[in-house]
Each structure stands twice: as structure tokens, then as C-alpha cells.
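Step one of this worksheet: look at the structure below.
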Amino acid sequence: MLYREAGDFKTSYAEDNQTFPIKFDRYAYYLLLVAAFGVVPFFINDYWANAVLVPFLIYAIATIGLNILIGYCGQLSLGTGGFMAVGAFASYKLMTAFPEVSIIVHILLAGGITALVGMAFGLPSLRIKGFYLAVATLAAQFFLVWLFNRVPWFYNYSASGQISAPERSVFGINVTGPNVDAWAQYMVCLVFVFASAWLARNLTRGTMGRSWMAIRDMDIAAEIIGVNPLKAKLTAFAVSSFFIGIAGALLFTVYLGAAEVGEAFGIQKSFLVLFMVIIGGLGSIFGSFAGAAFMVLLPVLLKNVLVGGMNWPTDVAAHFQFVIVGALIIAFLILEPHGLAQLWRVAKEKLRLWPFPH
Amino acid sequence: MSAEFYYGVEVFLNGLMAGVMYSLVALGFVLIFKASGIFNYAQGVMALFAAMTLVGLQTGQVPFSHLINATFGVHITHFGWELPALVAIFLTVLVMILFAFLVERLVLKHLVNQEPIILFMATIGLAYFMEGFGDLMWGSDIKKLDVGIPQGGNVWVENHTAFLGGDDFYGFYLDTLDIIAALVAIVLVTVLVLFSQYTKTGRALRAVADDHQAALSVGISLRTIWVIVWSIAGFVALVAGIMWGSKSGVQFSLSLIALKALPVLMLGGFTSIPGAIVGGLIIGVGEKMFDFLIGSPYLGGATENWFAYVLALLFLVFRPQGLFGEKIIERV
Amino acid sequence: MNTMTENSTVGYVTDDGRQIGGTIMEMKNITLRFGGVVAIENISFDIHEGEIRAIIGPNGAGKSSMLNVISGFYHPQEGEVWFNGKKRPSMKPFEVAEQGIARTFQNIALFKGMTTLDNIMTGRLTKMKTGMLSQAIWWGKAAKEEEEHRQKVEEIIDFLEIQAIRKTPVGRLPYGLQKRVELGRALAAEPKLLLLDEPMAGMNVEEKEDMSRFILDVNDEFGTTIALIEHDMGVVMDISDRVVVMDYGKKIGDGTPSEVLANQEVIDAYLGVSHD
Amino acid sequence: MKLKLATLALSALMAAAPAMAELVYPSLSYRTGPYAAGGIPFADGYADYFTLLNERDGGIGGVKAKVLECETGYSTEKGVECYESTKGEGALVYQPLSTGITYQLIPKVTADGIPMHTMGYGRTSAANGKVFSNVFNYPANYWNGASLAINHLLDINGGDIKGKKVALVYHNSAYGKEPIRTLEELAKKHGFELSLLAVDHPGQEQKSQWLQIRREKPDYVLMWGWGVMNQVAIQEAVNIRFPMENFIGIWWSGSENDVLPAGDAANGYKAVTFHNVGNDFPVFDDIQKYVVDTGKAAGAGDQIGTVLYNRGLYAAMLAAEATRKAQELSGNAQITAADMRNGMEALEITEERMTELGMPGFGPSFKVSCANHGGPGTGAIQQWDAAAKEWKLISDFGPSDMEVIQPLIDEDSMAYAKENNITPRDCN
């Protein structure tokens, strides 16, 4: 009788409102935190950090950010790549202009700058809706990439327009640059992911989250019952862009170490993060993690199985990868249109009633 | 008039031509969106796939030759025959119809009544699938597409306009391929309009576009309609693929032409065939003129990609219902 | 301040002996057009504090448009809206809500992705004021505020007898319950004026009785002023204090239920005498 | 779910454990994505040469070579994954084949002590071995390429191009922007007029740029393109009837893929190159005999002798020669990455050695040194013969203008050193 609500009475509204109302979930969550913070750092190597965990964590932040905009506030955006570029270039400019300030501050500020840019590009959402808005956000995507490529000030007038992250440390431990340990990269990202998920959870369960969801579910009714659509949409754009900006900054500083705007933050990045949101599940923080994990792990897994395990030529394997990812996306949508998060919820509900079928 | 003015006119004309090429891609989107409310992200990949299939059939390539070679250690690439262009086109159309049938069978049938975003996502999955499948089938190397369409500056136009701008002016430059594309687009749109006005299937299509439920209730089979619409969209994709492929060869980037069609859709509306044409012309002219007047001289060029979107965005902010949409009265 | 103007009239006493206050809202010569179509033509009426005011009329009479004008969703081309003794400037709907006007909708407009509890909590959005930062860290003011408002919402949940569906996503609820949740959401705003757009449409007799009881209770217990649109004449005559009758965008009658029932024009409109 | 995936991935990794006693050459190739058409022949050539050495000579110094191919699709993130997954398997030298991946691997390979060879691409200023200890970009880089193109213009104009108009059509990315600075310097020196025309990725639509060229009538057009941009540019140049012999591409804009779609009209198009063209070398007979006929060719075998295949082959040859040098210096047949780095730094390619290898005159003779990782910076001009469907060298391998380039290399590499707190090595 592990997974039960029965007998687990709540005596206050605060208790009733907690994130994991079921005891078993709560303990599982604590266990996961202990493992993530206390165990993984001791066993992580370069491959697991750079090929799997660091990109997973960074994309999880971006996915949480985009999920706030699409999943919670219902505003479809394809400008993610452009906003990540803002985060990356803001952190680069800050790092090189104020080397004495901590990189953590720079990353947070980069998020703040991205939030402002996001708000500016969110303004059309007051007039434009649905797929039209999605296409409109592409204007942000293309314009921002063009801008960072075009204006040499953004890349400190380097010959090619590539930006490279200089070496920076936190508490005397390198987190960027060539001499960085896998565990340090992982820990920085983990702390940001943990904080992002916690902030996002708080924002989505309170007043602000409800205004977003009200706009998402029925914007006209929401306005009539007292939601200021300007405020709700712009805060959603701001919060979403804040997280996306942080993800962009981390992607550049901690993960890649060097970036070229068109290649690292192009339109394909916008789509990638959108896939993560939808596969994970709209309007779910857990789904954001699941979606990011799926899209980061699956190609690596397939590559290892097809090329490493079955010794296929890399090109045939790469083509098969597309075929399989595509087929899986379709299969998922047919089986569970509301993403991995919904799959998880259904499984939990079944478990709660187990062994009785209903 | 100074040569500068005629250069402007020339850019304008070329903008119109480029716009037609965008419209060809946008048309495919509109057809599917109109009939099924699906924003078909795979439209670009469909164009690539159609063009690859056309070249493959025409040059007698062995499908899946990479896979066969890798699995059996043999070495085959071509059957050794070549097909006339028209036969190959006809066969490709059959392949696209088969494709439409399979999409309906394997994907859409299971997703009836889902939200638009889910259907959109499914087409993204479809795009991924086809990208890999097309490459597996025909290989990812670049292929030359030649169905006999001439290209290059149209000499007749040049010679007959050279007198306009003085010694420095060569006459208007218009690509023959673009002119043909424009003619094809006109024919295509006319046929589509006639088809939807005067045939039974066409009327059924329009009925479905107006109201799914109502159409179902008078006995129109939604599934048949979807197969037909996707077939037509496949055909339009083939036309777009031929036009673009003749220009740049057939390879991966061909699928990215979809990005050129999106601002056109915003401007013209997702449901209007004339909108796709007029929107394409406006975007084509707008981005070329902006680059000519402002982008190249003052901003360092390469402004077309984002300007097309910004133009569409500005337009929408002032007219959210698009070019041909009626003013929306919101109700609660 | 300027609370007593010429618009404020004294209250009256209803047939069943309730004391009704002065005017809370007054519509003056409202005209609303969509392009060439006139939806509302030069209509004036008032709503008194504490009364149940009904707006009736055949389909297409402009009733819902009138409600939309009151909630600031439509902006009339001509005429004035007075609320609480002040002339209301052109306002956005959410500003109207902040002034204390809440409503329900003809076709249920609940937030389908949210639970009953969350839906009703959205009704209190105009009253929740903690900043974004406080909410983000969920510490101090934000958490405390959330709990206070939860208390209020629980009272409404008790009042409407929907405790059991508190955590159910509203999309899964039957129609009648959805209507009730929607009423709860409007009540949560503690409105000065509550607008109900066909609160009983599509309900069976039993559900209608329940809903009528809730409306009367709301009016009675909270003293909320109510303006409602309804088709069911029986219900309207039973629960409303005064009735406005509209037809083709014009006002054709105004008064107590019995007065209105005696009005020839109203009878014609309902019996379908041709207009010429 | 996640755990299950992870376990699967782990077990798959275990299955691909390294077999030692091999010389491992990772090839970060791209046979998919927007640049697949260019990536395939290079990867084929790179792999086939090592297969040849294994089949014909039993490896290098008696040790078999193993090419670890990893598909990047030209994406930097997949590049990271490829690097991390192969570096533990005894990787000797990386050939990342993309500007983006190069930039982000520079600090990593340096920290991990593995050399990287970016032949004719990557970060140009890595030619300064004092700053970039583990990065090599011999025998020529983009700035050499720019200078070589201008040298060719000087040649055909009797040494004077003052007042001539030269337009650069470039891929609007880090790669495409590389030559701009050098060309600007050269424009000052030789007095020609330079105009810049950016083309956005992917470059499917270039009407504006070519209309501008038609209006402004530059005497020469240079091109820094890649992928579909090349084909479209050449087609558009044909369309506006720009004289093809005045149109010169960099070596990444000079493959068969680029000119074939334009047909006969592309005749006369030129490109800069740092290695020879065609399959008229003895080594190709061996490849036919030992690799293709035995069914061990990496690709379909239809790319042999094409420009990009030859480039892959050439890169492999340089890697193999550096390996031999490293074996000689360290005295071990099974060398380490550090030995390989030393071997690359001591590499010397002579005409005699190339003849021995069956590749006489395939590339320049040169010597790498501690300070100079960039090689001689020599190159030639190749021209397309549309009737014969083949490229022909129309000049000898000539030097580039190091007088202009060297200060630029020093400046850029020192700026990098400063930004990253690197003290330049002492090379004396």
C-alpha cells in the first residue's frame, strides 16, 4: 500500500497545495534530489556530462521557459532560438566587459536582458493569435540572428563573428573554458535547473499562473473576469524569455564554450525546443523534463545502438534516426496526444487504484 | 528617367517573380489548412521528397541502394534506364497520391478531432520521417533536376527594354524559369479554382472547409476528402519542387523553402488561395525592394529573410484578419 | 465624493417586502452598431442596488450585446454608462471587472484546463495583489494571500455544494455542474453587480430549480445586485424584481413582471406578430 | 523511462568498447543535413585512404589504422557528442570538418592534449603554433585563399588591378566572413575596390545579390560559399551572363557538385585549391585494386577522383605521414595523441615522399614547425571544363602574400591568447 492518498489527510490549505501531495511522490522527489546533487557528481565523466546530462539540463530550462509561454499561457512561439541567442550574447558581452563580476550574476543578468527583449517581441501577441503569432515570432528569430551576425560590437569585432567563452570560476572552481571538470559543469547547470523548476512551479500555481492559464483556455472570458491580457501575456513572455535566456547563456558558456549565432541558435533550435515542450506535455513542469530528456537521449541512444551496436554506416544510421524519431513522434501523438506528462499521470492514477481496475 | 529608376523597376519585377515562387509553396499549405485545419509543417519536405522521387525515377536510380549495399555488400546504384520527363512526372504524381493515402491511413485517421497543435505536431513528425525516408530511398547527395525548363535571363525581354535606361542599362533582367513558374502558377490556380467551383469533389471540398460537422452530416466522407486534398497538396509540392529544384539542384535545403512561404501565409491568410498569390507577390516585392533601397546600401545586406517576416508582422498588427479575411467580430 | 447625483433615485420596496436601494447602474441612450447592423438602438434603463433585474426578449433582440456593453466588451457608439453614481469612461473589460462587475456566459466560458478550485480562484484575481517576485519564491506574502483567498473560495464551494469536485478538471464535469462552477467563479469576485447570461439555458427542471435557488440565495445572503438574461419566462417572472424587454435592439417594455406581462407590445413580440 | 533509456545507452556504449593496438582516427563527418553533398565525398576519401594503408601495407608502421566515423550533420552539438564519445578510444587527431565545431573544440583538444587538424577551414589564426599548440591548419587557410585569388587577378592583369571592382559573395556566417579582413587589407595594398554581398543560409534565393552584381558590373566576383549556396550562385551568374572566367570561388566552392547543375554554361568557372585535382595519380590505381574492388570502399565508390574526395584523401595522407613521423620520433609503433601532436609539428612533406606515395605533385612540399602550424599557404587555381566534366589546374602552386597575412594572424592569435590567459610558447 505504497501509493495512496487514503489516510494521508491534509489539515491545512498549505499542505493541500503542496507540489507532491502524495507521500510516496514526495519521498521519490527527495531521493532524486539527493541522487542528483549528492551521487551523480562523483561518478560523472566527460562523456556523460557533455553528451547527455549537461545538454539535457540546459534544454530542460529552455523547455520550462517555452512551456510557460505555450503550455501555460497558450501563446505559440517559434522565436526560442533567437531568444537563446540574446542570452548567449548578453552573457558574452557581460563576461568580457566585467571579468571581475561572478559568472552567475552574468547569467542571471543575461536572463533579465532576454526577458526585456522577449517582452518587446511579445507585444504583437495582443493583436495576433494562434499560428499567426507563431509565424510572427519567427520575425524575432530571423531578425535577432541577423542582428548578432551583422553588428560586430556583439562579438567584440572578432574576425569571424564566433564568440568564445573565456575561463571563469565559481568559488575557485572553473565552470567555463577548457580546464573545466565534468562535475562542475554538471553542478552549475543542475543548480540553475533546480532553481528554474522551483520558480516556475511557484509562478504557475499562484495568481500569475492562473491568469496565464485563463488567457490560454479562453482569452475573452479571462479578460471579462478581470485578467489584464496585456499584463498576463507580457509577463508570460518575460518569464519565459528569462528562462530561455538563461538556457542560452548556459548553452554558450558552460556547454559549447564557443558559438556561432546562425548555427547554434538558428531556426532548428526553436523547433527542437518546441518538440520538447509538446512531446513532454503542454502545461507541465515534469513534462518539460521528460520532453528534454526524450529529445536529447533518443538520438544518442539510437546512434549508439545503430552505429555502435549494429555497425551500420553512419549515414544510413543517421537517416534511420530521422525515420525513427519521426515515427515515434507520430506514434506518441496517436497514443497520447498530451505528451509524456499525461502518460505519467495516467500511469500514476492507475497505480493509485492498483490492484483495482477502477 | 535615370537608370536608377529602371533598376528599381527591375527589382520590382524580380520581386514579383520571386513572389510567385513563394506562392507555389504557400499554396500547398493553404489547400491542406483549408480542408482540414492542419498546419502542414511537412509541406517543404514533401516538395523535396517529390523532387527527389522525380529525379530518381527519371534517372533510373535504385531506391534504397545505400541500404541494400550496406546490408548485402553488393554495389548497385542505377537500373540503367532513363525515363522521359513527362513519364517520370506522371509516376511521381502516382507516388504522391500513394503517399497521401498512406498519410490518411496511418496518421490522420487516428488523430481526428484532435486540437490543431497536436495535428501540427504530427506533421512535424511526418516531416522528420520523410526527411530520413527520402534520404534512405534516394541518397542525400545533390541531384540535378532537368525536365527541360529553360533558365537564364530572358534575352527577348532584355533586348526589348534595353533602350529605356541609356548606355549603362542592359534591359530588364527576368529569368525565363521564373516567367514559366509564373505561368504555371496562373494555370495551377485557375485549375484549382475551377475544380473547386465546378466539380462535385470540389464542392465537397469547400463544404468540408466551411464546416466539418455539417459536411459529415450530409454524407461527405471526410477521409476521402483528406486523401484528395493531400494528393493535390502533393502535386503542388511536386510543382514547387520542380521549379525550385531546377534552380538549385535537389538536396536537403530544398525543404527549407517552406520558411519562405510562412510570411506569405501570414499575409494572405491560411485559408485563401488568392491570398497565397497576392501575399506572395507582396512579400516578394517587399523584401526585394527593401533590400534594394535600404538593406543593401545601409544595413549590410542579407535582410530579406527577416524583413519578409517583419513586413507580414507589421501588416498583421494593423489588420489581424489578414489580407482577405473579413473583420472578426468577437463574441462571448 | 460625487456619489449623489441626479441619477440616484430612492429605492423601493418589493412585493415580497424587501427594501431595494438606489440606482447602482444606469444605461443612457445606448446605441451599438456592427458595421451597418444596429444591435442596440437607443436603449435606457437602470438597475437598483440589491434587486434582481431581468432582460428578456426573443432571439437576436440584443440582450447579450447589452450585457457585453455593461461588462465593457462592446463599446457603444452612442450613449452613456453610469455606475455607482459616476459616468463610466470607455473601459477595457478587465477594468470593468475591477470595478466590481462579474458575470457568467451564455455558452459556458470556464477554463477547461483547470480544476474547479482553480477556476473559482481566478474569480479572485482582481483582489490578489502580491508581486511577481514574492510569488516566484512562494514565501511570506504570496503564500499567505493564497491561503486567505482559498478560505473565501472554500466558502463559495460550500455555498454551491460542489466540495466533491474541487480538484476535478472542469472539462470533465457535466453541464449543470459547469454552470454552477461558473457562477462560483463570478461570486468569488464578490461583485457589486452580477451579470448572468442565460444561467439556466439547457438545464432540466431539477437543475433549473437548483440554480434559481442559488440565485435567490446569492441575492439574499450577500445582497448582490443581479442582472440576468433568461428565456424561461416562468423562471424570470418568479425570481426577478423588474424586467426590461427588448426586441430587435429596441426596448419595448420595462417594469415589474406583472406590468410587463400586461404590455401589448411584449405580448406581440413573444407571440410573433409580424413587424411592419 | 529515463532510467531505462540511460541503461540502454550505457549498455550500447559498453558494446562499442575500444579494441587497442590500433591507430584511431575519428572522422566527424556529415553525410546528412544541409551540407551532406559536400560531406560525403570528403568522408569517403578520408576513410578510403586508411583502408588502403591497412589493405596494402598492413597499416602504418605495422599497426592497423581505424577510422571512427561519427555523424555530426554539421551541428556543433552533435560535434560535442562525437568528440566526447571518441576521445576515450585513443583518438590521435581530430578532423572536425566544420568551422563551428572547430571553434568549440579548440580549448577542449588543448586541455585534453589531442591534436586537431583543420585543413583549409577552421580558425585561421590557429596557424600561430605559439598560441595554438594543438591546432594545425596546414597547408593553407582562408586568408591564404583570399590572397591566392587576388594573386591570380594580379597575374591575369599584368600585376596591376588598381581601380578594378571586385565583389565578394559570401555565406553570411563565421566561415563566410573570414576573408573580409584580408581582402580589405589587400584592397588597400593593390588599390582595388571591394564590395561585399552577404547571402543568408541556406542561400536558395540570391536574386537580389546577382541583380546587384548585374547593376554594379564588378570586374571580378569572389565567392565564399558552401552547400546549396554554391550551386545557386553559379546558376545565377550563368543567368546574368557574368563571364565565368572572372568568377573565382574558394576551395569549398569548387567541387563538381557546385558546377554540374549549371551544365555547360558553368564552363570556365575558377576556384582556388591547395591540392591537385583529378584521378590521374598512381594512388588511385591502388585504391581501385585494394579498396573498391574488394568492396571495402566507404561510399558508393562514385566519388573517387572528385575534388572533395581528393581533399579527404589528402587530409588522410597528411595524418598518416604525421603518424609515421610520430612513430619515428617516439620509437613506438602504437603512438599516443601527444606523440601524434609532436609528429604533426615535425611533419615534412617532400615531392619525393609524395611520389613514393603515388601522389606526385598532389600538394605542395612543406615543413611544419613549432611556430608555424599553418604550412606554406600555397595554392593554385583550378578551372572547370564543362565539356570534359572535369577540373583542370591552370596555375602552379604559388605563394600567398604572407606580408599581409602574417600580421593579421599574429594580431588575431594574440588577442585570443590575451582573452584566454595563454602565454605563447617559446619556440626557439
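Note that the chains are named A, B, C and D in the order they appear, and that numbering of residues resets to 1 at the start of each chain.
The rule is simple: a contact is a pair of C-beta atoms (placed from the backbone, for glycine too) under 8 Å apart; a residue touches a chain by one contact, two chains touch by 3 or more.
All of these numbers come straight from a predicted model, not from anything done at the bench.
Relative to the centroid of every protein C-alpha atom shown, the closest chain centre, again from C-alpha atoms, is found for A. Across A-C and A-D, the chain pair carrying more C-beta contacts is A-D. Chain centres here are Cα means. That of chain A falls 42 Å from that of chain C. The centroid of the Cα atoms in chain A and the matching centroid in chain D are 36 Å apart.
For the pair chain B and chain C, the distance between mean C-alpha positions equals 50 Å.
With centres defined as mean CA coordinates, chain B is found 33 Å away from chain A.
Those residues of chain B in touch with two or more other chains are numbered 66, 135, 140, 300, 302, 305, 330, 332. For chain D, residues touching at least two other chains, in rising order: 31-32, 36, 40, 172, 200. Within chain A, contacts with two or more other chains are made by residues 146, 220-221, 224, 313, 315, 318-319, 322. Interface of chain B with chain D (complex): residues 7, 10-11, 14, 17-18, 65-66, 69, 73, 75, 77, 135, 139-142, 144, 151-153, 170, 173, 175, 244, 247-249, 251-254, 256-257, 260, 288, 291-292, 295-296, 300-302, 304-305. The part of chain D that touches chain A in the complex is made up of residues 1-2, 5-6, 8-9, 12-13, 15-16, 29, 31-32, 36, 40, 69-71, 73-78, 80-81, 83-85, 87-88, 99-100, 103-104, 106-108, 110-111, 123-125, 172-175, 177-178, 181, 200-201, 408, 412, 415-416, 419-421. In the complex of the two chains, the chain A residues touching chain B come out as 76, 124, 127-132, 135-136, 138-139, 142-143, 145-146, 150, 220-221, 224, 267, 271, 275, 278-279, 282, 312-313, 315-316, 318-330, 333-334, 337.
Of all the residues in chain C, the ones that touch chain A in their complex are 71-73, 92-94, 96-98, 102-103, 105, 109-114, 118, 121-123, 125-126, 128, 130, 132, 135-138, 142-143, 145-147, 150-151, 154, 185-186, 189.
Chain contact summary for the complex, chain D toward chain B: residues 31-34, 36-37, 40, 172, 196-200, 202-205, 207-209, 211-212, 214-215, 227-228, 231-232, 235, 238-241, 257, 260-261, 265, 295, 300-302.
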